Amino acid sequence: MIQNLSIAKDVVEELKEKFGDVIQSEGDVAVVNEDFIAKVCKYLKNEKGFDHLSNLSAVDLIKQNMMCVVYHLWSTEKKQLIILKAFLPRDPTDKHVCHEDDVCDGVQRLPSISKIYPAADWHEREAFDLFGIIFEGHPNMKRLLLKEDWIGHPLRKDDESGVPAYQIDWKLAMMRSNDKFVLNMGSINQKLEKMKEEKEDGK
Amino acid sequence: MIVVGQLEKLIKNLTGNLANWGRSWSFWPLTFGTACCAIEMMAMASPRNDAERHGILFFASTPRHADVVIVAGTINEKMKPRLRRLYEQMPDPKWVVAMGACEIGGGPFWNGYNVEKGIDGFLPVDIYVPGCPPRPENLLEALIQLQKLIKKDSMARYKSGNPHL
Amino acid sequence: MASEKIVELNMGPQHPSTHGVLRLMLKIKGDTIMDSTAHIGYLHRCIEKLHEKRHYMWCIPLTNRMDYVAALHSEHLFVQAVEKLMNIEPSERSQYVRVILLELQRIASHLVAIGSYGLDLGQMTTWFWCFKEREIILTLMEEVTGGRLFHNEVRLGGLKNDLPKGWTEKCLSMLTYLDKKWKDYGKFIENELFFKRTKGIGVVSKKDAMDWGMHGPSLRGSGWNLDVRRYAPYSVYDKLDFDVPVKDEGDSLARYRVRWEEVVQSIRIVRQAIKNLPQGPTEGLRSLYFTKPVTPGEVYVINEQAKGEAGVYLVSDGTSKPYRAKYKTPSFCNTALLPKIIVGHKIADIVAIIGSLDPVFGEVDR
Amino acid sequence: MINELMNIVIDQVMLLLNLPIFLRDYLVVIGYGVFASLVVGAVAYGGAYVERKLIARIQSRYGPQHPGPAGILINLADFVKLISKEDIVPDGADSVSFRWAPIAMATILFFTIMLLPFGKDLFAVDQSFSLLLPVALLSLLPVAILLIGWASNSKYTYLGALRSAVMSMSYEIPLLLSVVGLVILTGTLNIVTMAEIQDRGLWFVLLQPIGLLVFVISMIATAERIPFDMPFAESELVAGWKTEYSGVRYALTFLVEYGLVLVTSVIVVFLFFGGWSGPTSLPNLPFKIPSEAWLFFKVGIFVMAYIVMRASFPRLRADQLLNLCWKYLIPLGVLNIGIAVVERMVLWV
């Protein structure tokens, strides 16, 4: 039979009374304002017994120009699941600047919940590594899977760091080529440099 | 003078063949496996198709004791410098077996941003074993072919320092 | 003072007993470990990005290669997510056959885990015996699906091909053979030296296990009675009765024992599934959607894989390619807590702890 | 029988080179030394082959089959390959001690072989302290290993060598305690006279079972075989103190490992299982059984025991061996000395 995980709708209602308009409910998903995510998670873990962080994933909604972080929390006694969503403004040109000790400031910011759920430590580092979402208060906000000197965040929809030259969407590349557009694959860079020269000559 | 020339050629021939005979039968691969092909490499050493029948003993845990490195599993950009250094740490008569589609041309992950498309860019590969993952019998057959190659190997190959001679 | 000197040791990506490509930077004083950090990513194959570039049908070879020791589990996870999205109920017989193949794959995965655990501690014979038994299971699976490690067997709402004739008798005879052998191996592995190396090593308390995000047999070794097949039943697991082995000590020996008993339970499950295997079609849609659009929406499905609770968060935007597929894999969470357990142990204990957590690095790095 | 042969050969050599008479004893010693190392080399070769085949059979597989009729030449192939391999000396290593340490270990091993008798009257040197010297020389090996560990300039070898040094401190004392028990019982330090006593009367294994237990455990630790395999723990310390070696020097460490197995089993057989004593002529056997055959039969059993142990036991941690030795073996050794004193008074008075 198809697995149906029972969603804790009553808990979503309680959250709305407790936190007021910070929480909207979209279907059975609680959409949380991104600054209150840590408070909500602490409340859920301590009072409501959602002790198991089942999943923390980031989704790049490029059409709505938003970045969404989804939390799936599971309570082991009540055997119920609750889904929290936090929508962040999307940083179009992943322009966040990483200082030497890898402290980055940028638009996609979110309080980290690794103090409440220590299991979220690596999940958040992976979300930062592949999407560029910065989790404030995270003990070790560095890249997890890619090389330290990797430029760009590959899982974003507009990042073509791995696409071979013949598949690249040139309109988008040209639109971005006026500012710093660094890619990691040698084949693509030469192609883009050539395109840029033609553009300068054409002008 | 001719006798000395003949004698010297005979001795060089004899030692060369003896060395090649020794190298081919005592064939210690480096225990290096990253992904799914490593499981099939272990299955090759398991009792069903026992690699030790041909002298292939998975005993060398350091590059110093290894003769051949069977690159089993996808190599991505973070692993590439490590693999190159491992190859350089191995003592000289050494061979490289590229096992699995990921080593030959990137395999199912060829258009990944982080995956190295084939290891013959930075390693001199002797034997390619296609398959994803290749069956243990394929790998054993490939190693036996490599052993045959070694038997006919020429000593000149190592003096010139160019493994592709 | 010489003894105060903290030496930095690097258990590099190529190490005989890190079960793959894990790099541990250890700060050791003498033989005990003061602090350690884990570096992963040496097998990051951009599986989630490649999901967005491929039709649903072609994503199966990618999911297979994540946990390459128990490949059918992640394949079943992905297809179940699409079935939930499309609201397609697989036929009764195909669900039973899926459970049979999944449990056989779980036995094969536990054999690799226990075999390489013995090899790490110096007992080579367990490694060879476990791989010998695993070959028998692989040939059985090969007769059904045609592949040893990766099967591409699960289709939307059904299976690629049904069980061949006479397969169930062969499987039952294999299970009786394995049942007897597994008891002997248990007695052979658990000798006094094995206890000295594993009892009281890498103890994880019940509270820490849940906080740090432990999964699967390791979690059940610390006292949690959590098995997805029980608390969020899927497929036909609610019709099969089996009990979930749980130990309370939380040390490496407990984790090994849980894994050892799970093989016995899986044998029981396969026997029951074969006994009341219904007749009926297992065709289902011959192929997952190649180019037909999948209904837009998002879904979250969790399965009990060999290494623990794995989940996929699938977002589809109505086209024939997944918009975003995020995999939560158990080994990723187990490896995250490795540096926390190791502190205070000797160097020789790292090997015992890694072996008891049994991470697979295709799954960790994705 | 081998003695007469040896004397004939030495006389011929003396005549050929008309050397002065007093050089004869040196020639005897050299002759026996060469003979002993040849025998040990052959037996070590056979032992290595049997080990690979027996371990393969225990692990339900065939083991080497192809080089030679049944894989007989596999060790020759290993040796030839290792000789013809490039011999890397890492630049950070202290080259003098890195190069010479394995050779020092090999000489220590062959020196102990020279001192051990191999038959009823087949021994190079019959000293009054011939039991003490092999034991003392075997305890020199960890010093060489420590030198190797430091010289190879890599953290793994350093850790492996430290483990070996720490282990040697812990298993030497029970080793000597059990030997003291025997010395009290027999009154001599000479292996040959001990063997003769056992030949006449009881084997010491019946008189000193605890001494045997303590001695065997510390012998396994000397030979660094599986239960106490920490210095070469290939699953933890990559390859322990042998990590940096390749080529000929690795072949030497290979030879030392198998030589140790053989030497330790010869010593155990001499001290507790009565050396070459055994019925020289079985009732329905036409020819007389030479005493050497009995010795090698018993040594073979012990080498088999080493191999089976390697296949079935996991590896202990270094500190577990330490408290095993300090907490259990040393008290047992002292108890054994007490038993030996009591037996001495009761039996021999």
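The letters A, B, C and D name the chains in turn, as written, and every chain counts its residues from 1.
As a convention for this text, contacts are C-beta pairs under 8 Å (C-beta built on N, C-alpha and C of every residue); 3 or more make two chains touch, one makes a residue touch a chain.
These numbers were taken from a predicted model, which means no experiment stands behind them.
With centres taken as mean C-alpha coordinates, the chain found closest to the middle of all protein C-alpha atoms is C. Contact count check for B-D and A-B (C-beta pairs in contact): higher for B-D.
Centre to centre, using the average C-alpha position, chain A and chain D are separated by 64 Å.
Note: centroid distance chain B to chain D, computed from Cα atoms, is 36 Å. The mean-CA centres of chain A and chain B are about 43 angstrom from one another, to the nearest whole unit. The distance from the centre of chain A to the centre of chain C, with each centre set as the mean of the Cα atoms, comes to 27 Å. Touching of two or more other chains is recorded for residues 16, 41, 44, 46, 49, 128-129, 132 of chain C.
Among all residues of chain B, those that touch two or more other chains are 46-47, 61, 78, 111-114.
Residues of chain D in contact with at least two other chains: 59-61, 234-235, 238.
All chain pairs that count as touching, in label order, are A-B, A-C, B-C, B-D, C-D.
Within the complex formed with chain A, the residues of chain B that make contact are 77-78, 111-114. Chain C makes touch with chain B in their complex at residues 12-14, 16, 20-21, 41-47, 49-50, 53, 61-62, 65, 68-69, 112, 128-129, 131-132, 134-135, 138, 148-150, 361-362. Those residues of chain B that touch chain D in the shared complex are 18-19, 21-26, 46-47, 50, 52-55, 59, 61-62, 64-65, 67, 89, 91-93. Touching chain D in their complex are the following residues of chain C: 7, 9-10, 15-17, 31, 118-125, 128-129, 132, 188, 191, 193-194, 196-197, 346-351. Looking at the complex, you find that chain A touches chain B at residues 145-147, 154, 161-164, 167, 184-185.
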